[in-house]
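Should a chain be cited, it is by its letter among A, B and C, assigned in written order, with residues numbered from 1 in that chain.
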Amino acid sequence: MNAAAADQIFVTLKHWALVHTPASLQVLVSILLTIIPIIVIFPAIFALSVLLERKGLGRMQNRYGPNRVGPFGILQPIADALKSLTKEDIVPRSADHVVHYLAPLVLVGAAFLGYAVLPIGRNMVAANLDAGVLFFFAIGAATELAVFMAGWSSRNKYSLLGAMRAIAQMVSYEIPLILSSVAVVMMSGTLSTTSIVERQAHYTATLAHWNVFTPWGLAGFFLFMISGMAETNRSPFDLPEGESEIIAGYFIEYSGFKFALFFLAEYLEIFSISGLGITLFLGGWSSPFSFFAWIPSWIWFFTKLFTFILFFIWVRGTLPRLRMDQLMNFAWKFMLPMALIVILSAGIWRFLPAQSAEMAVVRWLVCAVIIAVPYVVLARALEQGKRIEKRTYRYAE
Amino acid sequence: MSNDLLEVDPIAGQGEIMEVSMGPHHPSTHGVFRMDVRLEGEKVVRLKPVFGYLHRNHEKIAEHGAYLAAIPYTDRLDYLCSMTNNWGYCLAVEKLAGITVPERAEYIRVIVAELTRFQNHAGLVGFLLQDMGASGTPLMYAFREREKVLDLFESLSGARMMCNYMRFGGLRVDATAAWLDEVRRLLPALPRFLDEFENLLRANEILMARTQGTGRLSRELAVSAGVTGPMLRASGVNYDVRKVDKYGIYDRFDFRVPLGDHGDVYDRYMMRILEMRETVKILEQALRGIPEGPIMDPKVRLRGLRPKAGEAYGRIESPKGELGFFLISDGTTNPYRYRVRPPSMINLTILEDMCLGQNIADVVVTLGSVDIVLGEVDR
Amino acid sequence: MLGEGIIQGLLETARNFFGSYVEKDRLTTVQFPEERRPLPEASRNFPFLLYDGTDPDAGLRCVSCQICEKECPPRCIHIEKSKDKKPDFVGKMQAYPAVFDIDVSVCMSCQICVEVCPFDAIRMDTEFELSTTDRFGSLLYTKRELAKSNEYYRKIHPTEAAECDARRAKDVEDTKAKAAAAAAAAAAKAAQAKDPAAAPPPASSASTNGAAAPARSEVKENQ
């Protein structure tokens, strides 16, 4: 089959199935055929990424990861799933049972809802909303609520501490997250995720028009990814579940399947934020070079998603945790001004002329300098503020 | 972050006081150790350390048994550094009974003590980073090196950690030429590991932000609380028992004592890394100068040692601080009084002053930098 | 503070990740129980009793002097002396332990019993896969379980065993020499009883003890 057919294979399959269903059921079947692949595929990627994380972390730490269950430990996720399903579900007696029960469900539900607006391939988006990006961020706020529900209902000081930290962190990092995507929205002129991807899918001299190839796009991409890591409580921002201090933070009182649901929700959020980052900055399902455009679009999307997952695992294995006040400092005094400067740079990009190659280069350099100089200034200021210095040591006589 | 005790009335205090017990079961308290922490939001207003969960009557057991029988128990005091514990005790008994140690034994004692110091500091730095959330990666690198040292101990004394190697008047077995060659082979890899470790984390902004300025300990407070070891030197006080007492043959080796200026967690962390480098220097010199000869004073009877009545205090610079053994003999085969000066416990008494006014996340990091081993704190 | 420390850290981790596939030093796991590292010769776990030859009762070296029981720091050895005697490796009649129990759950592998034993009768084993499901009975090792042959000792600690065997062989030689000298002296004495001009013979029993005692104090120093 040729490239276009491979690209649209799932769309074709769905149309074929719909043609063969009676008219009264077509709406229901269409909905199911859209939702069920999402509910099946992303948890499958979750299982795979849990395994990759353990093996990746292991290799970084000079050891094998799990390798006993199945060859190379491939069946480890199944073992983990069985374990969490069969563990006793302990709920503290003084906990608020209703809220305690609902918290993981709300979290998982909200995490799944975010996938509705991610275009996984050409013509493959669950809900083609005109305000897709806005919908995504609105759903993101619901996850914060669920985290707080979990922490509060457990009636445990550690989980309360964890929940407070989580709320403060997630709320603070929403701002740079949204502001960095505002730059993209501004340049694309639309909130619809499919249109944003389509605008990036054109090629000039074999290079695509991805937003990340522009200076404001690159900076915005980094800001987005860092804020995304903080949103999903992923190391180095995992203070709410600070393993060595407050043991497990807001899900300390959860065991068994509910714990697995929290875990699932964390990874689903990672995938969906990565997916949004791919959509906004990395051109969604388009390929970077025109000579690779024959590879199906959904394969590109998942390749980029896996690169993100590997990068997250890499960062987790390297960096220690930031403390709470340092997290806040970083968000408000560094990320927020940088996000505003990225928007400024994007605006200047829009209005500088770039008809010829030299003018394009000049435009790139000007916008890059507009971002780089405040970056250095802010970084130095942050360092001064915290009194961090490189020290030298003396020896006794 | 002032160092004087905050007078806070916990009942009618400002804001909401939450009392958290960072209990004996905790991933980061380095053993069964409990801290009753009173928090106001995230700031610590009172911290009470509670220990004794690992008390094993070490002193009483040693008073009941002969002098020789106490040596395996000293292994288990600071269970990561068994060789230096043995040395401290043997030093005390040698002072009490007037025993001299032959030269080769002194050299080997220095070699194993410095190897112990290296592996202890490596493990500690790894644990410090683990407590800060670096998910085990630096810990695994540190343990990779520590394993090499423990393998050396196993081929020398038979056990990796509970070595039971030193005796009054010398050592239990001689180190073969093959073993000394293995140590020589290991030595060049150690500075490389240190460089790699420093690379990973020294210039890391997150690490610096979390450790610089936390857990400050001023000079005066450190001296008046009896703090010793790298913690004292990080606060700027030049006191290393190896240089002060010159026990063993330490006066023959050329090594420097690093000092810090700020007394915070970063300084203590760097003290240990710099000390590891000095340790490598001492090892090189010792391996070059080690003579042939006997390893045991031939006049000593190990079984049924009856030192004349009297008292002696033998102290060494263990990796944690000044480890001292005070012995009173009444002329019989058992000591009349046997007392251990545990550096970890004495360093721990100052924990509250270091942690007041800081976040709870800093408490864990500060505790890690004190370098406690509960076997020594509780004995 | 421009983030270069973080980048350096990331590169270090990546180097370890890729290095773990190519360098042996960067993947230090030993997949026990499929792979086992050989233990160094000096390693020790719990004690065992030595016997010479093939019969654990006749060849048992232990003469039940109970020095190890007295010196054991946690007092985990329990010995009951026998009422009768059996010959040891130089032919002298010695008692043997009727009961020799070591409580392995108490033993702390300190090796003091080995150091103080004057008869090379107890040594440290290297066997560590000893876990059982019965907490009280199976961790008390009796004489039957503790007795292992000298062949086994040669396998696990070859250098020590060789030195021990050499010393014991020398002891046997010395005893034979002394016995021969004593026999010669006795014969000379008997001859002298008929002929009063011959020189008096040296005391035979003192010299046998004198030959054995330096061997035992050598044992103490050499351990």
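The rule is simple: a contact is a pair of C-beta atoms (placed from the backbone, for glycine too) under 8 Å apart; a residue touches a chain by one contact, two chains touch by 3 or more.
If you're wondering where the values come from, they're calculated on a predicted model, not measured in any experiment.
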Chain nearest the overall Cα centroid: B
Chain pair with the higher count of C-beta pairs in contact (A-B, B-C): A-B
Whole-Å gap between the CA centroids of chain A and chain C: 64
Mean-CA-position distance for chain C and chain B (Å): 33
Centre distance in Å when chain A and chain B are each reduced to the mean of their C-alpha atoms: 44
Touching two or more other chains - residues of chain B: 137, 141, 144, 200-201, 203-208
Touching two or more other chains - residue numbers and ranges from chain C: 1, 3, 6, 9, 12-13, 16, 28
Residues of chain A whose C-beta touches two or more other chains: 60-63, 317-319, 383, 388
List of chain A residues in touch with chain B within their complex: 57, 60-63, 157-158, 161, 235-236, 238-239, 242-247, 316-326, 383, 386-391, 393-397
Residues of chain C that touch chain B when the two form their complex: 1, 3-6, 8-9, 12-13, 16, 25, 28, 39-44, 67, 71-73, 108-112, 115-116, 124, 220-221, 223
Touching residues (chain side chain A, partner chain C) in the complex: 56, 59-64, 314-315, 317-319, 375-376, 379-380, 382-383, 388
Residues of chain B defined as touching chain A within the complex: 18-20, 26-28, 42, 129-137, 139-141, 144, 200-201, 203-210, 212-213, 238, 240, 243, 256-262, 266-267, 270-271, 274, 359-364
Residue ranges of chain B in contact with chain C within the complex: 61, 65-66, 68-73, 75-76, 137, 141, 144, 147, 151, 154-159, 162, 164, 172-173, 196, 199-208, 296, 298, 302-303
